[in-house]
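Okay, got some structures for you below.
Shared between the two complexes below is subunit A, which pairs with subunit B and subunit C, respectively.
Showing the complex of A and B:
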């Protein structure tokens, strides 16, 4: 049972849901799968007066549009993405990341849009504030950051833990956002503010309608790694998604995107490492050098008991392996194209 | 007398659920979870209330055939849907095959996680009658057993799916 009362409505279309939320005002929130929202309501991080449920709204299965972009409705359940043949062929990295989210029961109801809109997490914030932890932190409207008491005023070092967002960033995906003024298409990176207090740029009354993923170029390789302690039913310690393209005449990188997740207030691109990767031959020595550089470039927030040096080391080791895997996949693809 | 400025409490609403084949009508407020309907309103206490935050899997039930966590599912969202709980596995007081296999392998220790694991296993076996070891582990990743009896649980599922595991306790 949730400890406060709220209204619940189930509109039959996305447009009706947006219109209804704008009518009710800021006390209302959208409810998709609810696997992040309901636990947050149970511990009092969000206290909406009205939930506008999106679960009964029909949605289209993943499909390719006229330009070959993969279009996925934001209400698609993660288990459907995980098992969809089309997603597995067109964007295997997305299928792999959906497969790594939480546990089976959660993936059955959690939605793609909801995963992107999830709240940031912190060991102090995600506690029931009724015993021991009773004082509110900045994110709950208090006046101190209890996990980091020397933190500047109104700076929240909670961590954005979506398993899927870094993948969409690495794949250069776009999102369609539906608001009161109509639908807008944005690059995925424009969704995130990098501020722990308010991690998303979406205003109340706006929701993600669709995700668009561009077709993979030829000689494309990908790598995805979710570092966890336990292996399942867990948020990531650190997440890395690599998408790279090699030149036709050998394993020389022509384009690369590396996104790191679960260590900052939003997914981060490693611009410097990407720049030094272009034109570089992707041999083991260079991959080691790139991973070293990446671990220095990234500035992880200590979270859930993991210190900054540990997270840097974790990223260095696993990013090297992830890069090697991406290079291997690009090489295999090149051989397939030739034969 | 009610304070004029106080907001009206959301009215309870009538929802219809088919729980283990029986149609049930219950009055719930939006804040009530499916788990409370099953345990408190309907009285089927086989489904366990573990973490109340969707992290242990003890409350797993099948909602329209899919395994979901009843502790983070709002009851009002389930109106008109079919729910199967662990009680649906036995018939007339006799345990089902899956439950017998759990007994044969000694796959329960304290037994608190067992109802959830049985329902996860039922959903797995329905979609995949002969799951491999990694498939079983992946399907059960959302169920925690703090007695750590995982090997026996996996063996029980291998036994019930006829994959060459002999009963241990008979």
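Showing the complex of A and C:
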């Protein structure tokens, strides 16, 4: 139960919503599927006086633009992404990641934009503060950090747990942001600050309008893995998204993007490992070497009871398998291209 | 009459249609006009003195109708155990000091949730913070912060001892001296919660001279007793109504503060008051299960025969005695049941810490004890070069064994259970075959493991016995009055089957009135694994009583001796001339007309160990514990990924001696439910705490297994008892003993698959990986 009063409005266009939020000011928040916002209101880590609901706003189904980019409205429900034939064909990794979110009931209402805009998480933060952890922590505007008491006031090691953001990073996606001054298009990575206190670059009154995903190159392979304890209805222990290209003549990598999620304040690219991959034959021995390197390159925050060494172990093994899957898919795709 | 029609059949649940159609009324569904919302103010500190409570600002808030603190109570304490040795130690609202985070300090009743919340925020409490202690072994040591005084009968130089169980027989030292091999191990367990989906909820309505209460519970009579006493009301002024219950698993037995608060606030305001705990409260302030640390030393002969065992068990009991002194008694029982131990020394300590108070949970310590004992036994067997089946058969108790506490194993089927589960699971074919050949590239390893358990089927603890009334209606249908509460285990169905069998009446012609403290006879409640046995026999007796009356009247009317009469389909017939018959409706009329208005009411009552004066001593284990031991042997097959450390249960086999299965379908449900609880305990569930605060108080971060985590489960019954109409029968426990063998089996199977011996639950990938690394280092050292 939400134990405070608030207003609720339901404008019929994104432009009207942005205008209305700018009018009401900082006490207003956008509400999309509500699967992050409502629990956060219930436990009192956000207390908006006014919710501007986006749920009455019509949105277009996923489509390809003139350049072959896949365009998805930010209000698209995750279940629609999961089941869209177009998304499955053009960006199967995105469909896979949407499918991995929570459970079906949540995916029926949760939106793509909301998933990207979700708050960072921490065991201490994500609970009621009636009698436990009553003093507000840094993230809630207070003066302490429960899990990391030595942290300075400007450091919050909460983790960003979107299952989808790392995929969009690996796919080199772009994002259109609508603000009072109109729409701007940015690389997806520009959405994230890497700061647990304020994980997004969006200003109040700005909202994600749509996502753009470039067409996959011809010798492309992808791999996605969400490590969990029970395989569903949970956020990731660690999450990895791999997009790679191989040269036409074999399994030598020509380009690769690896994004790791759920273990830092935002999705993290593995620049060094990606650089090592380029020009390398992606055989099992090299994949093992790359996964070892990647597990050292990531600097996971201990979160939700998982230790840093375990998270490294988890990423090392699962990234190796995810890379192998991506290579296999690239190979399959190559065969398809030839035939 | 010889062929059983109802009993022994998997008949559909009596409560099924109500539950699946949404007609079932749970406590939250009970609506009374003018109901106020109650909320409880809880301690933000694990250990603190209360210097001052000032509720005046809350009382002044418009919409607030009542506020209570300890000053509004009569100061009567309560506890799970209330005996001369272990008097109650819990206040319904904290007086002077709080001893765990979330302890109840005050409660408010207001017109809505938001007002109630604001009122809580307006209550001013001044605390003096005291040092807390959270680890049981630290809390025992002299110098640790004192939460409550050590029990006066414990003479050791230890603090915070809530209670101790100590017993021995034979000569342990002599046993160890004669042993060919002695081994010592230590096992630990995580804190785990019940996971009942329906939250704790109570609606109370004081009507001037009568307190009506609806509350989610495991038995209404114990609630009435404890509520009446803490309120200072005669039992007759308190009525606990029956509602359906959405899961309990041991977590809703004795009194909870919110139940008292709802009642007291209703008495103060004159209006109904409802208190519904939210999930965070249940996780971080209510009672979870017990965590036991178990140290075992065993001496054996070369052939695996156990000669002597010594146990030291430490229970982190939390802030109050709770069931902490029961679990250290029961742990002894779970140790001595399955295997012969000629020489035993047992010590169990319940230690106060600044954690939340503890409660029983399905198995009440047995899963932890059996995980320890069965792992330890496998380690011994390996050292001796004996397989897990042989060592268990070597030590397993047989039928008619007299136990050191004068209990008897009766028709024990344990040996058959072990043999059958071994055969059904092809144990010895799979055991040690799991590891694939060296050239296999797959990181998956399969393993198989076994665990054995025995469990009590009812014992003596308040309210001890059950009464049942069976009433014949004038159309020949039946009303059954029983205090038994169906908490999902199927009590209503099973009792109905017994009545149907004894009186030859269809299931749909029987209406049960249950668990209402004003209108139904007293009952033991759904929490000591004796309902089918105790309430069931009371029901059988009541039905027999009614049948005797029916046959007597029919005999007179038909002019046929009683022994020549049979019953079927709500009628009595002449066994020699089946055309000659009388319907129950006709019998009823005749009885009323010719037996001075006798409307044919049957009465029955039952109690386990009917000739024992009282329950066994929790401190010394003296006195009989149960007359009815259930036995089981269970096998788990697991699959472990040796690169990731991730493990899962593939299949569980359960073979159990359940006495006589009244409803095999319901038993199967119990087995599957326990397999799922065992795998949750094995792999995923843990209440994480830090300094007495709960870190994961929600369903997202406390991970219960999901439907796709379920493993295949096969179960087989070893039937050691028969049901005969009109005769007492024996059923044995099936509702909580079967978590243990699966948990133990999983631990042994992980070892079989990987060589990693885990001595602490849960069996996380992190622990399995650490074990595998250790093995690699050892191997490298050997090679060097």
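To be clear about the criterion, the second predicted complex is superposed on the first by the 339 of 339 C-alpha atoms of A that agree within 3 Å, B and C clash if a C-alpha of one lies under 4 Å from a C-alpha of the other, contacts with A are read in each partner's own complex, and residues count from 1 in each chain.
Heads up, the rule we're going with is that contacts are C-beta pairs under 8 Å (C-beta built on N, C-alpha and C of every residue); 3 or more make two chains touch, one makes a residue touch a chain.
Not measured: the values here are computed from a predicted model.
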*Taking the superposition as given, does A:108 touch the first partner, subunit B, the second, subunit C, both, or neither?*
first
*asked:* Is A:123 touching anything from subunit B or subunit C once the two structures are fitted on A? First, second, both or neither.
replied: second
_For A:233, using the defined touch cut-off, is the partner it touches subunit B, subunit C, both, or neither? Pick first, second, both or neither._
both
*Would you check which partner chain A:35 touches, where first means subunit B only, second means subunit C only, and both and neither mean what they say?*
first
*Which partner does A:51 reach: the first (subunit B), the second (subunit C), both, or neither?*
first
*Does the superposition put A:4 against subunit B (first), subunit C (second), both, or neither?*
both
*So, A:133: does it touch subunit B (first), subunit C (second), both, or neither?*
second
*Scan A:305 for contacts with subunit B and subunit C and give back first, second, both or neither.*
second
*asked:* Need the overlap of the two footprints on subunit A, from subunit B and from subunit C, as residue ranges.
replied: 1, 3-5, 43, 231-233
*Within the complex, which stretch of subunit B touches subunit A?*
7, 9-10, 29-33, 36, 52-55, 57, 60, 66-69, 72-74, 76-77, 120, 123, 137-144
*Considering the complex alone, what residue numbers of subunit A touch subunit C?*
1, 3-5, 43, 123-124, 126-128, 130-134, 229-235, 304-307, 310, 313-314, 317-318
*Spell out the residues on subunit C that touch subunit A in their complex, using ranges where they run on.*
41-44, 101-102, 113-114, 117, 120, 278, 280-281, 284-285, 643-645, 683-684, 686, 688, 693-698, 700-701, 703, 705-706, 708-709, 765-766, 769
*List of subunit A residues in touch with subunit B within their complex*: 1-8, 10, 31, 34-35, 38-39, 42-43, 49, 51, 53, 55, 79, 102-106, 108-109, 231-233
